[in-house]
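Below are structures written as structure tokens.
Here come two complexes built around chain A, the first alongside chain B, the second alongside chain C.
So, the complex of A and B:
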């Protein structure tokens, strides 16, 4: 029998899948055995959502190599599209799981469309200009959803912008009311659904990265001019990565929204985008397992620091700065590498592994 | 007349943006980094001036000078402790550190001075009036507005002269063009960067006081949105260019006030950012930014 030989990339990929499965099983057992506090249990769905957000942003930042400061915008589009869908289908699809799946698909589709619309202008720009335009789009999405009103009655969905001009028939109800957001969401997101979404995102990202298209995308990241000169279509491949990233973020947004009581547009602001970017950078650009760990750890960290109450965000900020200094300053990282023996400094051009 | 009123308040708001944008643009030009903590230095400046004037009853002028002094020291300290060790690091790492710094300043402010709103005192009334009336009272211009615009013009002229004529200013331009070559010419790159941060932070203090004189509610997150807007203004005008910061800032302020007045208050931010995107599509390096040709 031929021995199954795996190259380094597939080995890392399988280890990543394995890690997620093991973590899921362990947490599921702990949660079943009553070993998790109720706050921790409540954090499980947001953690899954943030893990998917980090994975999807890592596709843009780590694999495509473009800085995005508006990723929460896609999360927002997905969250609201998904939540409105779920609310509208409340009676049509009684099964929570199926309704969540449909809502996620709609959320992902809307986010993908937003990704295409934003990608057309954004991907023409380079470097910091691209970053600022993604920031601008994030703010625009926030402003628009903040002023969007959607109601539903027997005649279907009605929407208006800026002022609530919707007149509903008898028995109709408002779903989204501008700055008040969507209140009274039926929580249908479960930890299992979150786990499935994480696995699905990993499958999509790994398959994309290890395909011909993925190699083209990474070639663009490493040297755009060289890649262009061997005939790689810059816009097409950039768009492919960007839209995939947006769609995954949309699905994560739906997952997140369906685990909350209320969602408001101002929750998905610039700080949220930054938070997700922090996950990606701390976990290592292009390294998917790093993103998973960073997203999970940093979502729990403020909860664990509850003992410090007022000081927790301050501690968070200091931890952030110290980690960045410790991993990126030659003197300090040299000190740590002597301390811990083997320590590999993250390289800028680290390929997705 | 209302149009003129809106235009003037737009220019005034834009002047504040321009002063903040200068800090972003100068630091970006020299250190090639987005200093996200800059917006929070504005907030610190405003708080220092607030306490000096409201709690200790000091003269407003002394309050402003004190705020400038504290912010200058703070800016240099941030640069030395957080950014200098990362000079060779990838730009994303520096960006995250700057964001960490911004959180740090906001949360320290919250702990030190509480999250409650503070009403910033208006200390600009000459001869008992808060402004001048023109055209039989049809048009009133607050002193704050005039002082803001004047401060912006003075700062702009001062900085242009500083970067053009003085030795340090020339060193700054040299470092922003080519760090390595500047060092070989005997320019102390570290000192130059420190001075840039010092000037940027001192300007941030002035901007903070001016901002709070027009919009008097002071909270620990006061600086973040104006910071983002001013950064947008810097990109709008062409990041790294001093006249660009002025142009971008003033245009952004005028667009924002007009959008609020004539289109929709709620969507004014969306409109401002949409204009930015349209401008960047046609001028990818901003209005006055230099187009750098890529070489293979």
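So, the complex of A and C:
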């Protein structure tokens, strides 16, 4: 018993960590050796942000088992809170890396608070109802930020809703101006920062899932009535999963924002939420390595399809359909499992009843 | 204005005249229900359910299909809130508790249609029963602090010990959903037992078992009672099991108690025979 015991779950977790590290090193070498085009280089930070988004949504959808259609809302909260923080601290913290870290923490905190506020009403609902209400909250967040004005002068930060009535002292400047968003962002997000955030998210998610709290969350997913019957507080654990997921999405939002020149609230709309959900479903619910690959592949794909010009989104949709069909095909997955010589236990569906 | 007409108040006896085994008389009953009842819309599903269970009693709840037996379990565990009546668990009124709180107060149950955490391992299912005894927070879990390792190791040992009751240690890493039917039923009992109950509710534990499996189950229920010194209330249609191990039996028909007593008394009760076999039209 003293020996380090590696069960199937921890093996998968270590392989996932390994995969991320290898991908990072390979891409780092490729970009250093000039083997990546400048558009691809520009995609590295967004890819990392979307990977973290997919991982965090997978915590809600795959582990907690609740469908959320407003995940871009948390990304938005994190993006704007983080970008405002970074802009405000521009002179106070000269080091870009440190400023990014502080901005990410603030972004995650704001998103977590939004997660708590939204979670209180939303988590009382179940299934389809919960999904639709999260969708509505995503839109509310978008509208609020669309009407939010934040300026900074010697006196500190000034915020205003609905109208731009902020009067700034001399030398002050507007950071966020409603529908115009935040222009002129100093890009401080780096691929390395993205890599660190992915690794951190993986550690948080894997360790949470393989702990007392994670077991309770998965128990709720598998059978809520039975979970209550063994004394598990449903609201507490639903909230824990939802808020952790929101906080990670907030950090990802900051990472994303700090890699752009300009961010506007309407970028984080319903389509964005659905796109993230597509990553999760394509990669497999509860399967973190699947989310990573799906998020990375589907973020690069539109760039690779530039050759198709006007037909780009059509081809994208067709590729998506084909991949979905292929990954859900038992014959194909059986073929791959034989190919890799992995022993797979019979699935629930094909067991004789 | 004239004073509103008042119905005369009906007085009901409290505490009850319910019976418990003589050996448990030194301590108050673990469970005592008075006038427990629930209506669904206009339908009265359970009415005036009175019952007391001794500290180490194995009690039975029987009755024809649709009599309201599982509804009683759902009332005791607060899956449904009772419309009328009180439930005293170890002397404590469970009126304001929810399902999780009732479990922490001391009632654990199994389900008629098995409800395991199918995608989790057998060991994790038992550990979920131990959930409220595992003492570390979310952050210790995320950062893998020493308290995590210590508590998880203790939980592992405890889970293995519980699994050994039914000789299921070698299945610990299997998915609960992949177990054969009988093993799933046994695992559900262990998960309930892990929550450290004072009263264990078993909803048709022998359903789908053959006679030899049922005999083994009977032995195990008695063994669990003796080892953990807890009370057991079971719903069962298998009369060999009910008459074999139950000390006090309560018969329910159309939501009402029609007979209470020892197995011998129940077997000879005309009302019970009528409920099961149908009576002659007068």
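Basically, the second predicted complex is superposed on the first by the 316 of 353 C-alpha atoms of A that agree within 3 Å, B and C clash if a C-alpha of one lies under 4 Å from a C-alpha of the other, contacts with A are read in each partner's own complex, and residues count from 1 in each chain.
One rule holds for everything that comes next: contacts are C-beta pairs under 8 Å (C-beta built on N, C-alpha and C of every residue); 3 or more make two chains touch, one makes a residue touch a chain.
All values reported here derive from a predicted model rather than from experimental measurement.
Superposition model on chain A: chain B and chain C are shown accommodated side by side without a clash. Using the contact criterion defined above for the overlaid structures, shared-chain residue A:14 touches neither chain B nor chain C, since it reaches no partner. When both complexes are overlaid on chain A, the residue A:335 reaches neither chain B nor chain C. Note on chain A: of its two partners chain C and chain B, the one contacting more of its residues is B.
In the superposed model, A:225 lies in contact with both chain B and chain C. Put simply, if you stand at the Cα centre of chain A and look at the Cα centres of chain B and chain C, the angle between them is 80 degrees to the nearest 10.
Using the contact criterion defined above for the overlaid structures, shared-chain residue A:321 touches chain B, although it does not reach chain C. Using the contact criterion defined above for the overlaid structures, shared-chain residue A:121 touches chain B, although it does not reach chain C. This overlay, made by fitting chain A, leaves chain B and chain C with a least C-alpha separation of 8 Å. Overlap of the chain B and chain C interfaces on chain A: residues 225, 348. Interface residues of chain C, counted against chain A in their complex, comprise 77, 79, 98-101, 103-104, 108-109, 111, 115-120, 124, 127-129, 131-132, 134, 136, 138, 140-144, 148, 151-152, 173, 175, 177-178, 191-192, 194-195.
Against chain B, in their complex, chain A makes its touches with residues 61, 67, 121, 124-126, 128-129, 131-133, 135-137, 139-140, 143-144, 146-147, 162, 225, 270, 274, 277-278, 281-282, 285, 310-311, 313-314, 316-318, 320-321, 324-325, 327-332, 348.
Of all residues in chain B, only 28, 34, 82, 85-86, 88-90, 92-93, 95-97, 99-101, 103-104, 106-108, 110-111, 224, 228, 231-232, 235, 239, 264, 266-267, 269-270, 273-274, 276-277, 280-281, 284-286, 294, 296 touch chain A in the complex they form. Per the touch definition, chain A reaches chain C in the complex via residues 7, 203-204, 207-208, 210-216, 218-219, 221-223, 225-234, 240, 345, 348, 351.
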